[in-house]
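By letter and in written order, the chains are A, B, C and D; residue numbering begins at 1 in each of them.
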Amino acid sequence: MATLVQAVRMALHYGETYLGVTDILGEDVGPPLGGVFTATQGLATAWNTPLDERGIIGAAMGIAYAGGRPVAEIQFCDYGFNTIDLLKIAGNQRWAGAGNYELPLVVMTPSGSGIRGSLYHSHSFESWASRLAGWKIVMPSNALDAYGLMLSAILDPNPVLVLLPKALLRVHGEQLIPGEPADQEYLKQLIDAPLGDRSNWQPRWPDLDEYLVPIGQANRVREGTAATVVSYGRTLPLCVQAADALAAAHGLTFDVIDLRSIFPYDWSALSQSVLKTGRVLLVNEDTEVTNFGEHLLRRVIDEHFYELEVRPRVLQGRHLPGIGLHQTYERNSVPQLAHIQATLQALATEEA
Amino acid sequence: MATLVQAVRMALHYGETYLGVTDILGEDVGPPLGGVFTATQGLATAWNTPLDERGIIGAAMGIAYAGGRPVAEIQFCDYGFNTIDLLKIAGNQRWAGAGNYELPLVVMTPSGSGIRGSLYHSHSFESWASRLAGWKIVMPSNALDAYGLMLSAILDPNPVLVLLPKALLRVHGEQLIPGEPADQEYLKQLIDAPLGDRSNWQPRWPDLDEYLVPIGQANRVREGTAATVVSYGRTLPLCVQAADALAAAHGLTFDVIDLRSIFPYDWSALSQSVLKTGRVLLVNEDTEVTNFGEHLLRRVIDEHFYELEVRPRVLQGRHLPGIGLHQTYERNSVPQLAHIQATLQALATEEA
Amino acid sequence: MTTVAEVHSGKEALSAEQCLAIHRVMVRARAMEERMIQMSKSGEGYFWIGGPGEEAFNTCLGLHIKKGCGPDYDFLHLHYRNAATLLAMQLPMLDAVRQAALRVTDPHSMGRNFVGHYALRQYNIVPVSSPVETQYAIAPGTAIVQKRHGGDGVTVVVGGDAGSSEGDFATCMIWSTRPGQELPVLMIVMNNQWGISTPMRSQHSERHIVDRGEAFGIPAETVDGNDPIASWHALRRAFQWCRRKRHPFMLEASVSRLHGHSSSSGAVRVRDEPDCIALFEGKLQSAGLLAQDAIDDAWEGAREEAAAAVEQALREPEPAAGDVYRHTYAPSGVDAVYPDDYTGLPE
Amino acid sequence: MTTVAEVHSGKEALSAEQCLAIHRVMVRARAMEERMIQMSKSGEGYFWIGGPGEEAFNTCLGLHIKKGCGPDYDFLHLHYRNAATLLAMQLPMLDAVRQAALRVTDPHSMGRNFVGHYALRQYNIVPVSSPVETQYAIAPGTAIVQKRHGGDGVTVVVGGDAGSSEGDFATCMIWSTRPGQELPVLMIVMNNQWGISTPMRSQHSERHIVDRGEAFGIPAETVDGNDPIASWHALRRAFQWCRRKRHPFMLEASVSRLHGHSSSSGAVRVRDEPDCIALFEGKLQSAGLLAQDAIDDAWEGAREEAAAAVEQALREPEPAAGDVYRHTYAPSGVDAVYPDDYTGLPE
C-alpha cells in the first residue's frame, strides 16, 4: 500500500491530469528534489519558487484569481506564520468582495511533531488555521484519506488548507487507493524518484481513479459504547491503539472518530456519538491554550451538557514556546499513547 | 477623569521618565500626529517608523536585546498578522536560548470592534495572542487599569502585549490616576496636542505616581450570587450594564469579573467565583471558533464540571471573515448588550 | 474660440480629443470624491478615503487598461485611491457611490468594505484589501497565468510610497524577474510624499523608489503624475513594454494628496499641493481648447451626476441581518456541510 | 623550511602569523563539523546543519568581532553555518558539541534547538532562530541602540543567498538607511548558490545580491569567501566603514557548501566545489609557511579536540522531564501568577 506521502503525490498527479491543477509551487517542490518529503516528485506542473512564503501564498492567490488552480506548499507549517495576513485575505476576499471571485486555492503543509524536528519542524497549525474564516481545513491520518481529501481540496472552489501529519507521512495505508498497484515495492519503482542523478527519471503513474473524501465528513474508525474519542492526524492512530488495547484488556469498546476535516468539522457524527456514549475525549497535540479541541468541547457543552454522564476530557499539547529537540522534551510536550490510554480508561470507567 | 487613551499616554510618559522606556516606535506615533488615536502625543521618546510592521516588531526586539526598553505600536492589530512569526520568536527566544536573554518588549495595539472600522479596523487579537507562549497579554477596560497595566507591562522583563479596546479609548475613567488633576478639561489642556500647527506645542505632564495592576490579577467589579460573568475589553462594561439592569429589574446579583490579563489569567478569581455561584458566562467578541473564551470554559469543565449547577455559557463573535462596515453587520457579528443581558438572565434563572 | 489639434507638455503632446476626454473623467472623479467626502460627514456615508490629487495619472491609467475578464485582459491590483481609474474604464459612478453609501447593492462589497475597496471580476479588478502592499505579493500570480496563457494582458499593481517599505514590494520585484520567467507586471508607485502623517523623506533614502528595480534589471520611469500628458505617455511606454516584452516595468508618479489621508484626518482640502485638474484646465484654456463656460459645464454635469448617484444609492436597500454570512463560501460539490454557502457553525 | 613575513592573494596580503592563526581555526571548525556529522549518523547526536565550506570567511568574521556584552560591542545575528565564527571568537568547541549532543549543559539551548543555533548573551550573540532571514528584521534594533549609545559597536547580520528573497532583507536595508538615522549594520550574504535543492540562478536575476543596496546608498563589496586573505580585507574594510561612519555596509561572500544542505539530504561530502581549507593549505605550503606534517598535526590536534569534546559532552546529563518549562519567562516582580518562571497553566 502507498504511504501517506505517496498518496498525496498520486492525488496531485490525478489533480494535474484530470482536475485542472495548473501549478504546484513551493520551495524545492520542483525537480530535482520534489519536496523535502518527496510529496511532489515527478509532477508535471511542480516548480520551485524563491525562498519566500509570502510570495508563495501571494502568487498562488493571484494564479487562482486569474483562473488557475494552484496547489502551494509551505515547506513546514512552522514557516507559514509570516503569511497569516495573506491567508486571512484569501479567506475574506470573497466575503469582502460581495462574491465576485472564487479562489480555488489549495495550500498543503506538513504539520505536527513526531520527526524530532525541534522547535521549527514540530509546530501544529490547526488551531491557528481554524480561526481563518473562509478557509476549509483538512488533515488526513492515512494514505487513502490523504488521497481523497486532496482531490476534494482541489475540486473545492474555496481556499482549502491540507495539513499533512509529519509523523505519518511514511506510514503505509491499510486500504488500496483506487488504481494503486497492490505491490508496494512495485509502486515505489513506478513513482519514487531514484537516489542520485534524476535528470532522466520519469515517473510511471498508475492508472488512478477518482476517490473523494467529502470535506466535513468524519470517519468512525472504531465502534463502541464505553466512550467517544475524537482526534485527527498523528494522535488518531494512537487513539485507535489505545482503544484496541482497552478492548483487549478490559472489554471496553469506543467510538473512535477520525475528524479528517477540522473546518467544517462533522458535528453530527460527533454529536450522535456523544449522545450514545455520554462520554467524550478530544485529543490533539496542538498547544493547550485556545486550542481547536477546546472549541469542540464548547460545542459539546453548548449542546449536550445535560447528556454527559461524566466530565468530558481534552488532551492537548502543553502551552510551551516550542517542542525541544531532545526526546524528553517532545515526550513531555505532546500527548503520547500512554497518556491517551490512561485518560480513555479513566473516562470509560468513571462512575456516572 | 482621563480617557483610556490619555491614561496610556500618561503611563508611557511615566515609563520614559521613571522606568527606563527608551523607544516608543510605530507608524505615525511620533510628532506631529502622536498616534492615530493620540496615544503617543508629546512623548519624548516617540518616533515614526517606516510603514513596515515586520520592521517595527523586529527593530523593537533588537532594541530589547541590546538593553533598551521599547514600546512598539502596531497601528491596528488588524495589521499585525504578517508579524506572527516574529512574535513567536520573541516569545520563544528565551526558552529556545536557554535563558540567555530577557526581552523586555511591550507591544501595544488597538483591538476589537466598535468604531465602525469595517474589516480591517475591527479585528480582535486576544485569541491569536493567547496562543503565543512566552508572551503575556493584557487588555484594560478602563483608564486606571490601562495606566496600571501599562506600567506593569513596561516593568516586566518579558514580552507583553497590551491590547487596547478601540471602542473604549475615548471613554473617561471613573477613578483618578494617581497624580492626575481632577478636572478633565484641565488635563486636556495639559496633555492633548492642539488641532492645527503643533510645532511649538509641548505637553505639560502632571506629576504622576506609580500605580501597578499586577499581570495575572483580575478585578471583580460587581459582587453577587446569581452567576459569574467573565469578560474584558469592550464587552466588560456591557456585562456590568447587563448585571446592573438585572439587579435593578429582578434583584439578580452577579460576580462580574474583569479579567484584565488574558495570559496569565487569574484562574483563582474565576475558579472561586464559579465555585460560589455554580453558574458562569464567558463573554468576548473574538470569533467563536477556537476562541480564548473556549479555553477558559475548558478549564471550568476540567476543574469544576461537577460543581456547575447549570450549563455554562459562552458568548463570542461569529465565525466570519470580517466585520462589515454597515452597522447591521457589526451588530450581528459581535455580542451586544441585549445578547449579554438575555444570556445572563437565562443563565441565572435556569432551574438547576 | 480656436481649436488646436493637440496639446503639448514639454516635448510630448496629446490630441485635443484625448485631452478633453481625460479632463472629463478627471472632473467626474473629483466631483464624485467631493460628494463622498460630504457623505462621510453628513451621515449618508461613513468613512472616506480616495484619490483627489491623483486624477490625472489614474484617469490615464484607466484609459490604458485592456478591459475584460480573464488572462487575455489586464489584471488590476489597486489600492484605495483609484476611483478615477474605474471611471476611466467606464464603470458607473453609481457603483462607487453605492459602496460609499453602505448599500447592499454595492457590487464591490455589499456595504461591507470602506469606499474605494473595489472588486469586480468582470473587469479583472481583484478585491482591494486594506492591508497596504499585500497586492504586490499577489500580483505576480495573475501575471504568471497571463504569461503562460499568451496574448498581451498585463498585471497592473498600484500602491503608495510609504507602503513600499513592506517586504511585499521586494517580493514583487523578485518574483517578476525570475530568470527565464519574467512577468508582465507593471508596478506603479503613487508617491504623494506621505504615509498618513509621516513624510516619505523622513523614512526613505532612495532617490526614487523605483530605483530599487535596477538591481533586478527592471526598467523604470518617474513621471509628474499631476500632468496627464506626461502620465499618458509614461503609461503608454510602460504598457507597451509589458505587453510586448512580457517583462516587468516600474513607474513612479508624483502626485498630490488634496484632502489629506482620509476622513479620519478630517479630509479637509489642502492648499499647498498642486491640483492636477486646475493645472490641466489652465493648460487647456491657454491652448484655446476649453472655455471657462465649458469648464463650468463639465463641473456642473459631474456634480449633478454625483448627486443623482447618491440620491439613487440612498434609495436602495441596506444590508439585512440575514446577509451577514453571504458569500463566505462559493458553492462546492465536495463539501458535506456547506454545499452552498456558510450558514453558521456546522450542525 | 623558509618562512615568509606575509602571504599574498592578488594585491592583498596578510601576515604569516595571522594566516596560521586563521588556518588553525578553519581546521578546528572543519574537524568539529565532520565529527558532528558523524554524531548525526551514529545516534550520538541527531540532526546536523553547519558550515563546512564557509570556514575561511567565517573565521575572519569571528576575528574581526569586537567581542563583549552590550552596545559597546558588536552584536551578532547569525544563521546556522557560523561555527567557525564562534571558534574564532575563542568560544570552546565543547559548547557547540553539547548542543549537537542534545545535552542539558548546552549553553545555547539546553538541548532544545538544532546544532548551530547559538545564543550567548555574554558575547552579544542573539538567539539563532530557524526561520530564515528574520534576523535581518531584528538586526536594525541592536544597531539603533549602538548608534545612540556611541562608541564603535557594529551590528552584524548573516544569512544565505536564497533567504534574501524574504521581505526581511529589504526591511534591513530600509531601516538601516533612514535619512539622518543611518545604522552601523554590516549585512552579510553567504552566497553558496543554493537554497536546499534550488539553484540561486533559477530564482534570482540580480547580478549580485548586494547590488540591491545601491538604491539605498549602501556601499557593498563581493568577495571570494573561499579566500581567507581576500575575506579578511573585505571584512576589515566593511567593519571599518561601519565602526567609523556609523552607516551600513553590505558584503557578499561566495562560498561552498561542502556537505550539502544538512543531514536531511545526507550531508555527504560534495566533490565539485572548492574547499577553502585545501586551497589555503596549498597557498601556505607554496609560501613555505606550512609543511605537510604541520598540516597533519593541525588536523590531528583538531580531531582530537573534537573527539574529546564529544566524549565530554556525552558524559553530561540530558534534559529531564522537569526541564520542559524552564526559561519560558524571566522572573518578574509585577506578575502575580509567574513571579519566577512558567509553571504550567495558571492555578
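Criterion: a contact is a pair of C-beta atoms (placed from the backbone, for glycine too) under 8 Å apart; a residue touches a chain by one contact, two chains touch by 3 or more.
Values in this document were obtained by computation on a predicted structure and should not be read as measured data.
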Response to the item:
Farthest chain from chain C by C-alpha centroid distance is chain D
Worksheet item: Any idea whether B-C or A-C has more C-beta pairs in contact?
Response: A-C
Discussion item. How many angstrom lie between the centres of chain A and chain B, each centre taken as the mean Cα position?
Written reply: 34
Fill in: Inter-centroid spacing, chain C versus chain A (mean Cα positions, whole Å)
40
Item to complete: Find the geometric centre of each of chain C and chain D from their Cα atoms only, then give the gap between the two centres in Å, rounded to an integer.
Response: 46
Response to the item:
Where chain C touches two or more other chains at once, the residues are 109-110, 112-113, 129, 131, 165-168, 171, 174, 178, 202-204, 328, 345
Worksheet, complete the sentence: Note: chain B residues in touch with at least two other chains are 49-50, 52, 54-55, 79, 81-82, 85-86, 92, 94-96, 119, 133-134, 263, 288-289, 319-322
Practice prompt. Provide the residue numbers of chain D that touch chain A in the complex, in ascending order.
Written response: 46-47, 102, 109-114, 129-133, 162-163, 165-167, 195-198, 202-204, 264, 318-321, 323-325, 328, 344-345
Worksheet item: Which of the residues in chain A come into contact with chain B in the complex?
Response: 54, 79, 81-86, 88, 91-92, 94-96, 119, 127-128, 130-131, 133-134, 263, 287-292, 294-295, 297-298, 301-302, 305-306, 311-312, 314, 319-322
Worksheet item: Which part of chain B faces chain C closely enough to touch in the complex?
Response: 27-28, 30, 32-33, 36, 48-55, 78-79, 81-82, 116, 118-121, 288-289, 318-322, 324-326, 328-329, 331-333
Worksheet entry | Footprint of chain C on chain A - complex, ascending | 22-23, 49-50, 52, 54-55, 57-68, 70, 85-86, 89, 92-102, 133-134, 136, 151-152, 155-158, 212, 214-217, 261, 263-268, 299
Worksheet item: Which residues of chain D touch chain C in the complex?
Response: 165-171, 174, 177-179, 182, 201-207, 211-212, 214-217
